[in-house]
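Residue numbering begins at 1 within each chain, and the chains themselves are lettered A, B and C in the order written.
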Amino acid sequence: MSKLSYITPEGLRIDGRRNNEIRRLNMKMGIFNRADGSAYYEQGNTKITVAVYGPREVASNQRMLHDRAIVNCEYSQAAFSSATDRKPTRKSDKQSYEIASLIKQAFESTIQITLFPRSQIDIYVQVLQADGGLKAAALNAATLAVIDAGLPMRDFICACSATFIEGVPLLDMNQMEERSGGADLLLSIQPQLGGVISLNMESKVPQDMFESVLELANLGCMKIFALLQTEVKRHSADLLSNQINPKS
Amino acid sequence: MVRIDKRNNNQIRSIESELALLNKADGSAKFSLDNSSVLAAIYGPVEVNPRKEKISKATVEVVFTPDSGNQNYQTKEQESLIRNAIESVIMTMLHPRTLISIIIQVYSTDGSIVSCSINAACLALLDAGIELNSLIASISLSFNSDGQIYLDPTMKEENESKATAIYAFNSQLKLMMIKSSGIITEQQNQEALQLARSSCERILAYIRTAVKTRIMGDTESQTKDTVMSDSTK
Amino acid sequence: MEAFQKIHPLEFYRKFLERSVRPDGRSLQRIRNTTVSAGSILTADGSSFVKIGNTSVICGVRAEIAEKQQDQTTSNTCKSQIIVNIEMGPICSNIFSSTKPSEKAMSLCTQLNQLVQLLDIDPKQLYFDVDGKYLWYLYVDLYCLDYNGNILDAAIIAMLSALKNVKLPKGVVSDDGSEVYKEEDTMRTLIINSYLIPLSFAVIDEYVLSDPSLEEEKLSNGSISIVYNEKRELCLQLYSGITPLDEKTLQQCLDQTKQRTQEIKDLIDQSINDSKDK
């Protein structure tokens, strides 16, 4: 197999983006009827739906906390979501569990759970099409769904991934770039309060390049934040206008 | 075309049943159509898990265990068919907040197993003395590619058929459950319904005889009814 | 009024049914707005998304290659080559658990597998190479995303349109049979000529409601599901309930389902044509 060049000399990637460009986002809130909050999120070719239920009664009394709500997350990939092979869904496999854990911890710190003692908030993530950046996309999609559910949060959660291939830091990789063997840095932040929720990295990055990769990921997060905020404002305006002028 | 076991199209296999075989169970019955043999055991009304509790009715639960292999998706569906049919005749309002558990164990399977199970469960409920608003009887049919309708098919006939159907009727001969899958024409459907109704009438008569034999104190709790003749059209 | 609905849901419903209307404004026979959109999942070989009212189901088909089994005769091959699985998890409703498939999901799985075998597919359509030494196996996965009643109809329509949306590449087997590869440039659409026309009903007292919503399903004392094919042959007939079923009612349901034939055919064809333009 000929060596695939992830970035041309002119600085263009396989899909024509520059190194600091994120993929096109397409978002829709409130798509499901039964869930308290839901969202559909597309980042390039990655398509995710999230449903949020809560606050509701805790399933088992043993897990109930007297002073705050429990946040529960389940992450599942559809069997047809992967471009390479059909993966029969196994919600208990390690990768799903790890990603679910990541989302749970992120939202536990951001949702104001002390307002809902003895309750449970459930976040269900279903990946319909996978093309890289799944963890980041899941976090962003879940943020929209939680906002749609009307749960108070301290801030948005914006996540973005970045890598370092062929001497160049790249932002928001698709599946091919993820599999190139370069580092996979996932940064999730609270954009307005300015805190970092989680920072994960797999593989290696030279120490002097690490900061630039981190900077790039931060930049990606802020860009995503702007887009998420626009969508939330648009959706809210929509809801408001429906209230004043209810559609027949 | 004659069937392999030389029966007519409208002939049911010989029925055998036995009541009260188990000591611990509140009610039990064994029902067999030749080689299809099923044991039903009833435990109830008993205490129920608060999650499944219903405040105004009894919860009816069916556990269906096939003769070989574990429970799979297909047996779960059969379980749900049996439960839907049986729950309709039990007077659940008389036992709120309780559980009536029906355990079905298949001894041997040779076609019409869901029907056998429903008939066995009906006998077992009578043995347990649980109030029913009506009896229930069930029969299976299979439809051949040459347009023939076979009553009470064997496993081989079921596998080779184009379609199969399961019917359940109550004492007033009203339709309580129907499941048909496979390609059936309108005419076959009508014919099958009438055929099923008349044969369920005979099975109901058999059930009444079986219970009468048991109650009348006959030392033999086994009732045999061999080779039921053609239904009169 | 909302309090009344919560305390006496059945009484609340009866007040509407007496006037031959349902709380959402539909008449007793009216079916909710159904939309089908095919070909949206690019990683799947065929896909479709169906929404009946608020019930949403997404379906994706993946095709895998396997060697033809020696004992398979040509007449039986198609029967085991399409495997359907439906998942109804807590994402669609809080009644379902995530680990154990519910009884409803398992029953639905079995029924869908039985129905898919009734589709009229030429065995050669599922040949990988020209001679049929290798075969295509289609795995159909359905996910319920939003559960608001009548999942069977949505699942059947989704399954059918996803299958019709499947595109398979041309398969080439090397002469000694050791290498198998796909030619991605030439894609052919899987041709399935038959259709499945479903319609489900809920029986509340003596009223028969078509296309029940979740509340109606919960209040019902019986449920009827009928599936026809395009030749007006009955493929599936299912009734289970606490009260007995009148034969006249059954016949009415059969007739109503048959009347839906053209509408469903148009819906599915339209979605397939739209996906070709994408």
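Descriptive notes on the structure:
By definition in this document, contacts are C-beta pairs under 8 Å (C-beta built on N, C-alpha and C of every residue); 3 or more make two chains touch, one makes a residue touch a chain.
What you see is a predicted model; the values in this text were computed from it and never measured.
If the chains shown are joined wherever they touch, the resulting network is a simple chain of contacts running from one end to the other without closing. Compared with chain B, the chain whose C-alpha mean position is the greatest distance off is A. In terms of their C-alpha centroids, the spacing between chain A and chain B amounts to 52 Å.
One inter-chain figure worth recording: chain A and chain C are separated by 31 Å, centre to centre, where each centre is the mean of the chain's CA atoms. The centroid of the Cα atoms in chain B and the matching centroid in chain C are 29 Å apart. Counting partner chains per residue, chain B has no residue touching two or more of them. Among all residues of chain C, none touch two or more other chains. Here chain A touches chain C in the complex through residues 31-35, 45, 47, 49, 51, 53, 56, 74, 76, 78-83, 86, 89, 91-92, 122, 124, 126, 128-131, going by the rule given at the top. The residues of chain B lying in touch with chain C in their complex are 73-74, 76-77, 79-81, 84-85, 87-88, 165, 170, 172, 174-186, 189, 193.
By the touch criterion given at the top, residues 41-45, 47, 54, 56, 58, 60-62, 64, 85, 87, 89-94, 98-99, 139, 141, 143, 145-148, 214 of chain C touch chain A in their complex.
Per the touch definition, chain C reaches chain B in the complex via residues 101, 103-104, 106-107, 109-111, 114-115, 118, 229, 232-247, 250, 254.
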